[in-house]
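The data blocks that follow each hold one structure.
Below are two complexes that have chain A in common, paired first with chain B and then with chain C.
Presenting the complex of A and B:
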């Protein structure tokens, strides 16, 4: 039985575990139909031209992990940004771990999707926001159909959340192959500010497939900083969908750091539904072996006077493949739009490849839109300069690559995250560099 | 200033501007009945007195075409042509062929005069050898003798099939195979005529070779086939330009152009395309579905330059296959769309050899309710060490009802490749206009000046004879639409 049939037939079993009378269940049933129609995307779909899911869909995934699993904090401490105080929402094999988590209802709601979906207190928010930003493509629909657990964050008006929120998904490998479908909802009301970090981490070599959907709503003048750290095992694959709807004068930024995993696909969609909005999409990808990272971004400029900034850097070695598919759409009324898109790549091996397609679709005339894309290697003269000053080749290379990705790291607002990423990059490059970027 | 020439005036003026070259020459034509089947393909082949292998080649293409479906991936929307509602052959009736220009139908000559390409003038002044194609059959070939002395073969492809079958047989379909795409297959099956050009080893063609295509018979699709072969170390510059009479009915044009540049050869292929774009309501106009591709052997160079101002729907990607080491591909394009025109155009640069270089400069100008897309592919294969590409696509938007789109595909499989791609979209700045106004240049002139500057990089690449016409076309297509 292939994965699609398995998922469709397990929906009945899933229904036994949730409240089928809730309004949200109609959304689920409808989404299941949509998934049945559309199925998994194939290379024939333009958006999936360069990424084949065949290798990750072939496993016999268990779709509902039954067992509760516990982890000791000391064993997984290194996966947290542990040197700062933060709220934590932690899942182990898709199940909430209260032991590792630190949630709150004090003025703000940092809690679980499952409780938000079932408790009447949250009904209004769920009705207004749940599945209102997600697209209806096959994979998102699949997630919607099985949406039950994940993070729920609601920040009411005029709140600056002091501590960042960490959302971490662990998979323990108790199942021989596991499919996870977390569903996150983040609603930030007027004038509020929140910082969130998300991570998916497999702890064994058993295959894991995560099909995650995150919906983020930023209301008037809200500020959201979202960091995605992807440094998973070579047997773990991630298909991540993030949909962000912005209201006027809000700022949203998403930084994606992709260093690991077998196959990583990041769908990142921004919808600007008001004036003077600022959207930032940045990413650093450093991969090797046979890894594959695909960034698929969309920024839809719907209203006038908005800005968007995209900056994606990639370094590819061994047999890795990188894909960047960035799309900027400027509607007819979205005059004075300022959209900027850059994608720079370095290939370090002849077996590595990069496919990039920076795309502009513009219907308004008074706009400034530009995109730039480069593919090249490390500068020989810069290498020579450093080596003639006694810096060994490896370190010199690393320095250049740091410099290359610096633009993206610069805008990371939490110093601890920046430090962590610097360290990961140094490990990736196999060097010890005595400075922080 | 009460009589200030505003953008609205400009737009208004453009709306009412009729297609300047819209007229119809009444030459008695011999036309096949509508529809396409094996018999029609055979009949075309027979009509052209083609050898057996050619007929077979066409039939094979027809078989492939029957199995294919029309491509839909392009960013254009149009009423699909009814392929059974088209007549696949039409030829001017006045026979036999002419040796001197005096024998040519005077009405036809008048047509050329209106187009500003008076044959004798061209002959005397420009030194351009013209292989004029009116509705599929060459009616005049000039300078053939001068070229003949150099060993250059420049004739219609139907003549070439008869006179130089070995060359045609060797190269036809090698760059654009019959099964390449829907329209290429259709063209392979039914092509009526076109140009054939062979430059022998080490010969530098002394003049610009040129053909004018016109679609003249109502309801006749034009299927041109061009084959240019530059043998080792040779050079040729080839011009192609078109204007077509105003028609209500959509006319289909599915041409195939194949260029072959052998070792150290260079081909420069320039196009000015100004077919009927349909009226201001978007009715009528030519469908231009063209497959153009060149193959570069070692150290060879192919340069495509195009000025696209006409056609209701354009679907055209002149490409270079850089097979040989050190070969060079270039693509310079200006695509102008106005009213309801739609253009999906760009290029493919396929880098296979080592040290191959390509340059893409594409300027899109959209006005009115038109949609202008750049679609390009730069592909670096794993063996193409030190490949270099530079692409630049700039779009200029005029008015708020048009769209500019960019779809660049970049696929790199070699670490030594250096690829740069940049694209910008903008409108004509008020400050630029103000600057000109301040210096006594009125708005209309200022706009012409700015558009000219915007397109200069490409216009400069055109041969002199064409640059003038291209500039004129830009003015006709755009003057008045600036917003």
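Presenting the complex of A and C:
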């Protein structure tokens, strides 16, 4: 039985295990139909031209594990940003771990999707927001059909949330192959501000496929900063879908750091539904071996006087492959739009490759839109310059790569996250550069 | 200190150096002059270990050791320093962090621990004062947006920090106004000692008024065709290079 059939035929059993709210049940059933119709994307789909899922779909995944697994904090501490006080929503093999989590209902809701989908007190928010930003493509529909667990964050108006929220999914490898469908909903009301970090971490070499959907709503003048740290095992794959709907004068930023995993696909969609909105999409990708990272972004400028800033850097070695497909749509009424997009890449080996494709669809006539892609190698003259000062080749390369990524690293607002990312990069490059950038 | 015997070097099969002989002793300042395309910068790059250049014949001995097989960083660790004609911009790496890395990597190569932070700060302060470099300048990205003069001053600042045995200044005077030239030359002179040596590569005699050479060599067509004392530099300034070319070609 192939994975699609297996998922479809598991649906009834899945519905029976979860506490079903009638409205959510309808959404799920409809989503299942959509998945049945569309199935998994293939390279024939334009948006998946450069990314084949064949190698990750071939495993016999367990699609909704029942077994509860436990982890000791000390064993997984290193995957947390542990040097700051934070809220934590932690899942092990798709199940909530209350032991590792720190949730709250004190003025804000930082808790579980499963509660939000079943308890009456969250009904209004679920009705207004759940599945209201996600698209109806096959993979998102699949996630919606099986949506049950994930993070639920609701920040009422006028709250500056001091502590960042960490959402972490661990997979233990207790199943020989595991498929996860995490579903997050983040609703940030007027004037509020929240910072969120998300991570998926496999702890063994058993294959894991995560098909994640996150919907984020930033209401009037809200600020959301979202950090995705992707540094998973070479047997773990992630298909991420993040949909952000912004209301007027809100600011939303998503930073995606992709350093590991077998196949990583980031679908990141921003919809600007008001004036004077600011959207930031940035990423650093550093991969090697046969890893594959695909960034597929969309910024839809629907209203006038908004800005978007995209800046993606990629460094590819060995036989790794990268894709950047950045689409910007400016509607006819979205005058005075400022939309910037940059994608710079360094190929460190002859066998590495990057496919980069900017797509601009501009229907307004008074806008500033720019895009630029570069693909190059490390600058030989810069290498010689550094080495002539006594900096060995490996360290000189690393320094140049840090320099290359610096624009993106610089806009990370939480110093501990920036430090952590710097450290991961240094470890990956096998250097100790001895200073904080 | 440095002894070059019959050095032939090429880039992409094009012979550029065709038999250089040069001996530089500790405490000496040598000037290498010559027309464009004579191989001056190539000589500097070959000594510093730029990989694009192939040494076809001959040897470069640093304190008696053949350094031909050594990587650029290993030569730097042994005390070779090249002040670049065109210093490279490295956005995202500050002058301070660059110097810290360079010094600590050099110490590491010698089996020493990292320089303590407070010693490093003291050294940076001392050497930046010598080159009249503003504090704010040190936190800027290396060479990015620096003026020509700032870049050259920064090169000599790096030299001051690294205290090389053999410093090669490749056209350090180009792009400098007279004030910057004085500051740079003054820096070099203060760093000079009986134990180190300087090779000044220049087109013009101007810099040699400030950094006075013990010997002047004229490089033409990949060979040193004439050597003399500082008077030779004056003669070249006055008469140009044509008479040398004629002499050689005759």
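Note that in this section the second predicted complex is superposed on the first by the 434 of 437 C-alpha atoms of A that agree within 3 Å, B and C clash if a C-alpha of one lies under 4 Å from a C-alpha of the other, contacts with A are read in each partner's own complex, and residues count from 1 in each chain.
By definition in this document, contacts are C-beta pairs under 8 Å (C-beta built on N, C-alpha and C of every residue); 3 or more make two chains touch, one makes a residue touch a chain.
Keep in mind it's a predicted model, so treat the numbers as computed, not measured.
> Mind checking the superposed model to see whether chain B and chain C fit together on chain A or clash?
The answer is fit.
> Applying the document's definition of touch, where does A:404 land relative to chain B and chain C: first, second, both, or neither?
second
> Applying the touch criterion given at the start, work out whether A:348 contacts chain B, chain C, both or neither, answering first, second, both or neither.
first
> On chain A, which partner's contacts cover more residues, chain B's or chain C's?
B
> Is A:82 touching anything from chain B or chain C once the two structures are fitted on A? First, second, both or neither.
Neither partner.
> Give one of first, second, both or neither to describe whether A:358 is in contact with chain B, with chain C, with both, or with none.
A:358: touches chain B, not chain C.
> Answer with first, second, both or neither: which of chain B and chain C does A:319 touch in the superposed model?
Touch status of A:319: no partner.
> Does the superposition put A:389 against chain B (first), chain C (second), both, or neither?
In the superposition, A:389 contacts chain C only.
> Between chain B (first) and chain C (second), which, if any, makes contact with A:332: first, second, both or neither?
A:332 sits against chain B, while chain C stays out of touch.
> With both complexes overlaid on chain A, does A:375 touch chain B (first), chain C (second), both or neither?
first
> After lining up the shared chain so the two structures overlap, which partner does A:367 touch, if you call chain B first and chain C second: first, second, both or neither?
first
> Tell me, in angstrom, the smallest C-alpha to C-alpha distance between chain B and chain C in the overlaid model?
15
> List the residues of chain A that touch chain B in one complex and chain C in the other.
On chain A, the chain B and chain C contacts do not overlap at all.
> Residues of chain C touching chain A in their complex?
Against chain A, chain C makes touches at 45, 48-52, 71-73, 75-77, 80-82, 84, 87-88, 90-93, 97-98, 100-106, 109, 114, 141, 158, 162.
> For the complex, give me every residue of chain A touching chain B.
46, 332, 335, 345, 347-377
> Spell out the part of chain A that touches chain C in their complex, as residue ranges.
Going by the criterion above, the answer is residues 379-382, 384-393, 395-396, 399-400, 402-407, 433-435, 437.
> Sort out for me which residues of chain B touch chain A in the complex.
Residues 73, 382, 395, 397-427, 483 of chain B touch chain A in their complex.
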